Amino acid sequence: MSVADLELGVTKLTRPQIARRAAELIPDGSFVNLGIGIPTLAANVMPAGKDVVLHSENGILGVGPTPPEAERDRDLINASKDYVTLLPGGSYCVHSDAFAMIRGGHLDLALLGAFEVAGNGDLANWTTGDRRFPPGVGGAMDLAVGAKAIWVLTDHTTKKGEPKIVNACKYPLTAKGVVKRIFTDLALIDLTEDGLLVREMVPGLTIDALQAVTEPKLALAEDWQELAAA
Amino acid sequence: MPIDKITPSVTEAVQGVKDGMTIMISGFGFAGVPNDLIHGVLDSGAKDLTVISNNAGTGTEGLAALVGSGRVTRIICSYPRSKGSDLFDARYAAGEIELELVPQGTLSERMRAAGAGIGGFFTPTGAGTELAAGKETRMIDGREYVLEAPLRADMALVQAQEADRWGNLLYRKAARNFGPVMAMAADLTVVQVKRIVALGEMDPEAVVTPGIFVDRVVHIDNNREWDI
Amino acid sequence: MSVADLELGVTKLTRPQIARRAAELIPDGSFVNLGIGIPTLAANVMPAGKDVVLHSENGILGVGPTPPEAERDRDLINASKDYVTLLPGGSYCVHSDAFAMIRGGHLDLALLGAFEVAGNGDLANWTTGDRRFPPGVGGAMDLAVGAKAIWVLTDHTTKKGEPKIVNACKYPLTAKGVVKRIFTDLALIDLTEDGLLVREMVPGLTIDALQAVTEPKLALAEDWQELAAA
Amino acid sequence: MPIDKITPSVTEAVQGVKDGMTIMISGFGFAGVPNDLIHGVLDSGAKDLTVISNNAGTGTEGLAALVGSGRVTRIICSYPRSKGSDLFDARYAAGEIELELVPQGTLSERMRAAGAGIGGFFTPTGAGTELAAGKETRMIDGREYVLEAPLRADMALVQAQEADRWGNLLYRKAARNFGPVMAMAADLTVVQVKRIVALGEMDPEAVVTPGIFVDRVVHIDNNREWDI
């Protein structure tokens, strides 16, 4: 258990477990983009029998799981530059067509990482504004405005224990008001018209303890469930 | 549950077509026209339709039949008059159909814009002509451009050669024409194909329209010779 | 000989002969679009050994000559809806890419028909404005502004003997100031900064006789030649 | 005279590269990067270059070597910093290279616009963010869009899989990425390929970049393992 775990007295989800919970909730038949970070892990933990078509913005539709080391192909990588495979039915396309799919509203869902998410759905995930390091926007802004729904997958707090779900983003925005759902190592939270609604929490966590590491006001869903690690 | 966009009949393929809809129809001349789907729309009885297609139909069947039926109140195309376009010509002469004439490259680019999430684009095509009348123009690097809007549809009817259950499509020769951009630009894309292949059978390098742009596929291999 | 021929006392070129002369002058290695009318005939009269890539705006690059009747393919037609073939090295593309080639300035040349050409290069070839007949613009406006050079192939006069090369177009314009060269059944004329320069005339024709059926002032090139039917 | 775009050497392929040029370089991560052509440009000694590429190079060779050489004064890209982008990072930290950061979809769409004769387009990407600062915006159907300009180059360096003498290209898997749009958007498009095939050998339905967009092709089959 880490220090943070000890403080909260609960076992947090691992990064693959966060990805797995998101993967479980992706509707069957969806076209989905997996952003850099925790989201890309979802390709390896997709529930068996779920027919989801994964999109990678460098020009792949129908991304499959990570290959064994011996089968790596330097021409077959995803947007995170990780080795991937192609599923039967998958295809390659030019970069501009991959982004036509994104901007044109053809993706049902994009799973993105975040530096910060605000209660109003604002997303910041491309620069901390630190001028010592070059920023990198990649496809984040296109995905944020283009996909029909945006889910964020992130640790609940920074390494220092500060909230990443905030009242207002301090970092430069990626897009305004786009996030619909947040999966963290502690909880599953929906961004609704009435505010943040907690759907799931890890075993042992209380809403008060969760609120203590979250800036915007949280409400607990009547039918909330335990966020079980798969 | 496996994704399966293959629909058993034309009737089911065009289900949901309604009065007042805007429908894109693929084809250039007689190549690549989804005649069975067009007759499916005709059989549905839907009226007050806006049709977007490069031509306005020739002969007595297919697009010409739809236009000739009086159910099309407006057509957006680049080249309506051809040898054999009598059914359209008569409606036009009688003032029974509204024509929006669009330069051909602007027509497909507007479809691509709709499909690609582009809100509008500047094209040099048509600048200073009647077809740019009333449109916003702008000088860019010393040249006049016209602002054109994306063009979308409620439904696209497309003819292709091969499909699999994900809706991936291959076309054949010049019958490809408007199919791929129309598939991108419609809320519901319905495709008639000559052959269904197993998932994974298509070369992933050669897929022209990926399944993400396709909603329904119907297999039509009757090889009927249409009067178009 | 037609009445017009008798009036001028010369033998006019036939439509395939006009197309042939234009084909002869297409620079080797060019990418060329052939418009509806006389221009499409050029595909069948291309000089042997000339490596020219013909573009058809419905989505063909590398158009070959008309096939024998037994080899016609209803999926392989050009922009005039005539049956064509594909040369080795040819390829098919989506309509929007065919027009990207046009508008993007990738075609070296487009050969177009005309209702009227003005001395300043204005082109009118899409509607006579007669409201009884539907107009048809097709790809004419895209080609007129997109190709690096526009050559017009046309009869020198209307069927009534009126000039088609005029001081100012009466018909609605296709594009302004784009025509660089005109091939007619009587002459080959360049549109230069100094005005219309006659490069070739059919045997027996005088510059005065040509001027009589042409509105803008003509100049005769010092090195003018006979326009010989091939 | 037969069209033949095949060039015997890298030196001849990049001939004409000059100080101050804007050069597009294909590739996404380590896939599809024309390393031999990049080293050809490096060997040419050309300086004050603007490079347009998705990334800024990693490791010690290829794009990283060009950026690290100090000959690149400006880079237009979407994602410069990656594991191994030390050569770029150092130049950036020292203020020795100007960075224009462009959202990735806007980057390739701007190239396509340049290649397709589009004078500018409205995209929702980046609206309301720092990357749209100073750009014209417009509300279209209740949504904010940013006007983006076409992006062209003097030269494009592209890596592809196969070419024929007309310059038709096939790519391989995700190494396709920016190659086709860069080929459209440059005055001079130079391509390194792993295989040359006879004219007519490629499936005309599967050609990805038709030869009209390609100026020079050079055959590189050394299978060198680059440190990128």
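Order as written gives the chain letters A, B, C and D; numbering starts at 1 within each chain.
As a convention for this text, a contact is a pair of C-beta atoms (placed from the backbone, for glycine too) under 8 Å apart; a residue touches a chain by one contact, two chains touch by 3 or more.
If you're wondering where the values come from, they're calculated on a predicted model, not measured in any experiment.
Judged by contacting C-beta pairs, the busier of the interfaces A-B and B-C is B-C.
In terms of the distance between Cα centroids, subunit A is separated most widely from C. With centres set at the average Cα position, the gap from subunit A to subunit B is 37 Å.
The distance from the centre of subunit A to the centre of subunit C, with each centre set as the mean of the Cα atoms, comes to 57 Å. Chain geometry summary: the mean Cα position of subunit B and that of subunit D are 33 Å apart. Centroids built from CA atoms put subunit C at 30 Å from subunit B.
Chain contacts: subunit A has residues 86, 92-93, 96, 99, 102-103, 146 touching two or more partner chains.
Among the residues of subunit B, those in touch with two or more other chains are 109, 112, 116-118, 123-124, 171-173, 204-205, 208. Pairwise chain contacts in this structure: A-B, A-D, B-C, B-D, C-D.
Residues 56-60, 73-79, 81, 86, 92-96, 99, 102-103, 127, 132-142, 145-146, 172-176 of subunit A touch subunit D in their complex.
The touching residues of subunit B, counted against subunit D in their complex, run 109, 113, 116-124, 138, 140-141, 143, 145, 170-173, 203-206, 208. Residues of subunit D that touch subunit A in their complex: 28-32, 54, 56, 78-82, 85, 88-89, 92-93, 99, 101-106, 108-109, 111-112, 123-131, 171-181, 208.
Residue ranges on subunit D touching subunit C, taken from their complex, read 1-3, 112, 114-118, 164-166, 168, 184, 199-200, 202, 204-205, 207, 210-213. Every residue of subunit A that touches subunit B in the complex is listed here, in rising order: 28-29, 31, 49, 51, 53, 55, 61-62, 86, 88-93, 96, 99-107, 146.
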